[in-house]
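Questions regarding the structure given below will be posed in turn.
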Amino acid sequence: MYSELKQRVFAANLKLPQYGLVTFTWGNVSEIDREKGVIAIKPSGVEYDVMKVDDMVIVDLNGAIVEGTLNPSSDTATHLELYKAYPEIGGVVHTHSRSATIWAQAGIDIPALGTTHADYFYGDIPCTRKLSCDEIAGQYEKNTGLVIIEEFTHRRIDPMAVPSVIVAGHAPFSWGKDAKDAVHNAVVLEEISAMALATRSLNSGIKIQPELSDKHYQRKHGDNAYYGQR
Amino acid sequence: MYSELKQRVFAANLKLPQYGLVTFTWGNVSEIDREKGVIAIKPSGVEYDVMKVDDMVIVDLNGAIVEGTLNPSSDTATHLELYKAYPEIGGVVHTHSRSATIWAQAGIDIPALGTTHADYFYGDIPCTRKLSCDEIAGQYEKNTGLVIIEEFTHRRIDPMAVPSVIVAGHAPFSWGKDAKDAVHNAVVLEEISAMALATRSLNSGIKIQPELSDKHYQRKHGDNAYYGQR
Amino acid sequence: MYSELKQRVFAANLKLPQYGLVTFTWGNVSEIDREKGVIAIKPSGVEYDVMKVDDMVIVDLNGAIVEGTLNPSSDTATHLELYKAYPEIGGVVHTHSRSATIWAQAGIDIPALGTTHADYFYGDIPCTRKLSCDEIAGQYEKNTGLVIIEEFTHRRIDPMAVPSVIVAGHAPFSWGKDAKDAVHNAVVLEEISAMALATRSLNSGIKIQPELSDKHYQRKHGDNAYYGQR
Amino acid sequence: MYSELKQRVFAANLKLPQYGLVTFTWGNVSEIDREKGVIAIKPSGVEYDVMKVDDMVIVDLNGAIVEGTLNPSSDTATHLELYKAYPEIGGVVHTHSRSATIWAQAGIDIPALGTTHADYFYGDIPCTRKLSCDEIAGQYEKNTGLVIIEEFTHRRIDPMAVPSVIVAGHAPFSWGKDAKDAVHNAVVLEEISAMALATRSLNSGIKIQPELSDKHYQRKHGDNAYYGQR
């Protein structure tokens, strides 16, 4: 019944090791079918090289398993909060990709420093506040989602214009219009994170010109975009 | 009619992922046929693993499409300005290769620090000034080319002796006698950019001896060059 | 007689070059059979690409060769001390993997800076004290083991909760419930060592929240663990 | 007549791209036949993927071509000075491998910081003084060799105990008992150069304990060496 959804989510998960974004099982991708009110997500702790398409788990928006014999990713509750808060997003991905995780561990926003960043992200990529002890002790993964949403709301960031976040002390989440697009954004996030690390070590106070950031974001994503074959 | 030109440009574009210079579609190579007054260039936003030789776009020096069904690279106007200003160059390449882009984002010239640099580049690789708001809002890609040319003219740099530039806040452009040679220079640029980053972190004030720079550049490129099999 | 043990140790050793943890022969893995009172370990100085399963050496807990025609790893005495001190461990691995070795050379504990670390290691990974001149001049490899044990005892660290150590001026050792698990931990150690290097350069004073460390370690390893398919 | 020598030198040269030590043609390996008074060396500027065994050039100790149709490496005169000064060495290699070149460009000795270094190099790896303007303008490649030898003589370093050097502003040379061994040392040099870079950024004043350096060097290379299968 969910075979196409599972196939897409399976394929998107396999992109994570191909792009060097994961060590062992440290990543998971999901995609939502909003009509049916379910998501497909990677099972928890299963290695990518033995994982099969039917291992994908179908979960409803309350986190109950609808189809599948394995436990869904332990991060499922974070994915669900993002889907519930942001109706525009269709796919979510979590990794511990090295350079983005470094910024998350440092607890510092990933600054917009060049057009590579601006082509995909309209402004800095926010680092969340730390979770409180109660938020950690309680529904931790759900609260991780809520803290992400709080950060975007508080800073008035459009999640479609900045489709990634880093969670303080933890690692990145990215999203997009579907699972494939979310993984695409996760790859970009990793590359710009690596570039930003060295850029700041060369020139600690540098920022991108706002006009250049506008130009590059709009030529790809604006109403008059002219990048690509549209 | 342009099949050999397209074949060469196609092959040179495929070198970009092979040498690890591009993520996704973040790069483009062109070559000029000066007799016919056209260039062949990569189509915009097409993935390297599905791109075909006939996807290359033939464009005249005003940017009008002469042959091809796809949009040319959004950076075409930058390539054209370089070809028009510098009659010696036959190929141009633009990438967001990691280490060169880091120097571009930092807004700092890539300093000549050793013979690896001197074998290909006669002196520092300039970083352009920032484009003005008007230059960004107007014909941005054409103005990017003009700002590159301004930098070389103002500093009296011979573009054949320093066949690369980094555009402030953006990324590198390289060129050469044809598309293949331009890509060769882009590979060298990336390697010396990576070396320069770490060299400066070890010894912040270091520079190459001018005599050593002269010697290495001349033994490969001077009238009495003796490197290689010429 | 020891064919299964040798097969497992052989397979675990081959993982080292696959995961990029070794250059040439710079690593060795062992596993213990506690009933029979022997370990299997890589022979000394044999290249991974020519090594055969029957090259594994069977050694008793005094270091005497029980089966095999080659010399065991020169680090065998270190492995033996760890097995004798810690009855819970079944496999030991030693490498000179780049990032972990950097921390060992710097003589600094690898700090717990994020959940990637906390998922596997409960707190900082200790760097031992330097060996004394007498310890180096005497039974050096055995004394390396004793200094590791001293460090864990002195700091009251549970070796199963922190299954790795770095030896000052030298390199890491990791362990686990068997040879495969020890190698798994060595891969994680290398990744978190690389992340910690850059995290500290971005934010020199940062530490993980203790509550977040607890949470991630317990959700994978605690009595109520819910990560994976158990 | 020199087919075995050429075969060994050819194979050793092919190891350079396999180990990631060269970009394009930036490296060359030679081996000497002391009885016949000749060396075999890579031809200048020939790409590794098209190079054939018979492209190797046989040169006598004055640099005259004995056999071969191509020009020998432009660095041949440096190799020859090393062979003439050090009768113990049988192979020489020159690369621009990234991390070793970074130290050369910085003009700083590669410090002995751990056992990985001590297993192969007995003490710091020296960086030569800069060549004078006259030395550069004259027989540059020969003078490069003479400056290397001057550095070892002046500091009283045994070239067999420290089988590598970095030339200020340039790049490394390594050597060994034959071509294969020289390449082996070049691989080690690159790895310890990368480790040393990050170790010094973590702990700027750190050095290896002299006793630990002695121990590791002697257990591999001393009269009572017990590493490996000898």
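Letters are used for the chains, namely A, B, C and D, taken in the order the chains are written, and counting of residues starts over at 1 for each.
The definition used in the following text is that contacts are C-beta pairs under 8 Å (C-beta built on N, C-alpha and C of every residue); 3 or more make two chains touch, one makes a residue touch a chain.
As the structure is a prediction and not an experimental result, all values here were calculated from the model.
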Exercise. Hey, what angle do you get rotating chain A onto chain B on C-alpha, to the nearest 5 degrees?
Worked result: 90
Exercise. Could the interface between the copies chain B and chain D be described as same, meaning over half of its residue numbers are common to both, or is it different?
Worked result: different
For this session: Averaged over CA atoms, how far is the centre of chain B from the centre of chain D? Could you give it in whole Å?
Result: 33
For this session: Round to the nearest whole Å and give the separation of the Cα centres of chain B and chain C.
Result: 46
Problem set entry | Of all residues in chain B, the ones touching two or more other chains | 201
Exercise. Touching pairs of chains, which are they?
Worked result: A-B, A-C, B-D, C-D
Exercise. Which of the residues in chain D come into contact with chain C in the complex?
Worked result: 113-116, 184, 187-188, 191, 194-196, 198-199, 201-203, 206, 208-209, 211-212, 214-215, 219, 226-229
Exercise. Given the complex with chain B, which residues does chain D contribute to the contact?
Worked result: 23-24, 26, 43-46, 70-71, 74, 96, 98-99, 101-108, 130-131, 133, 136-137, 140, 169-171, 197, 200-201
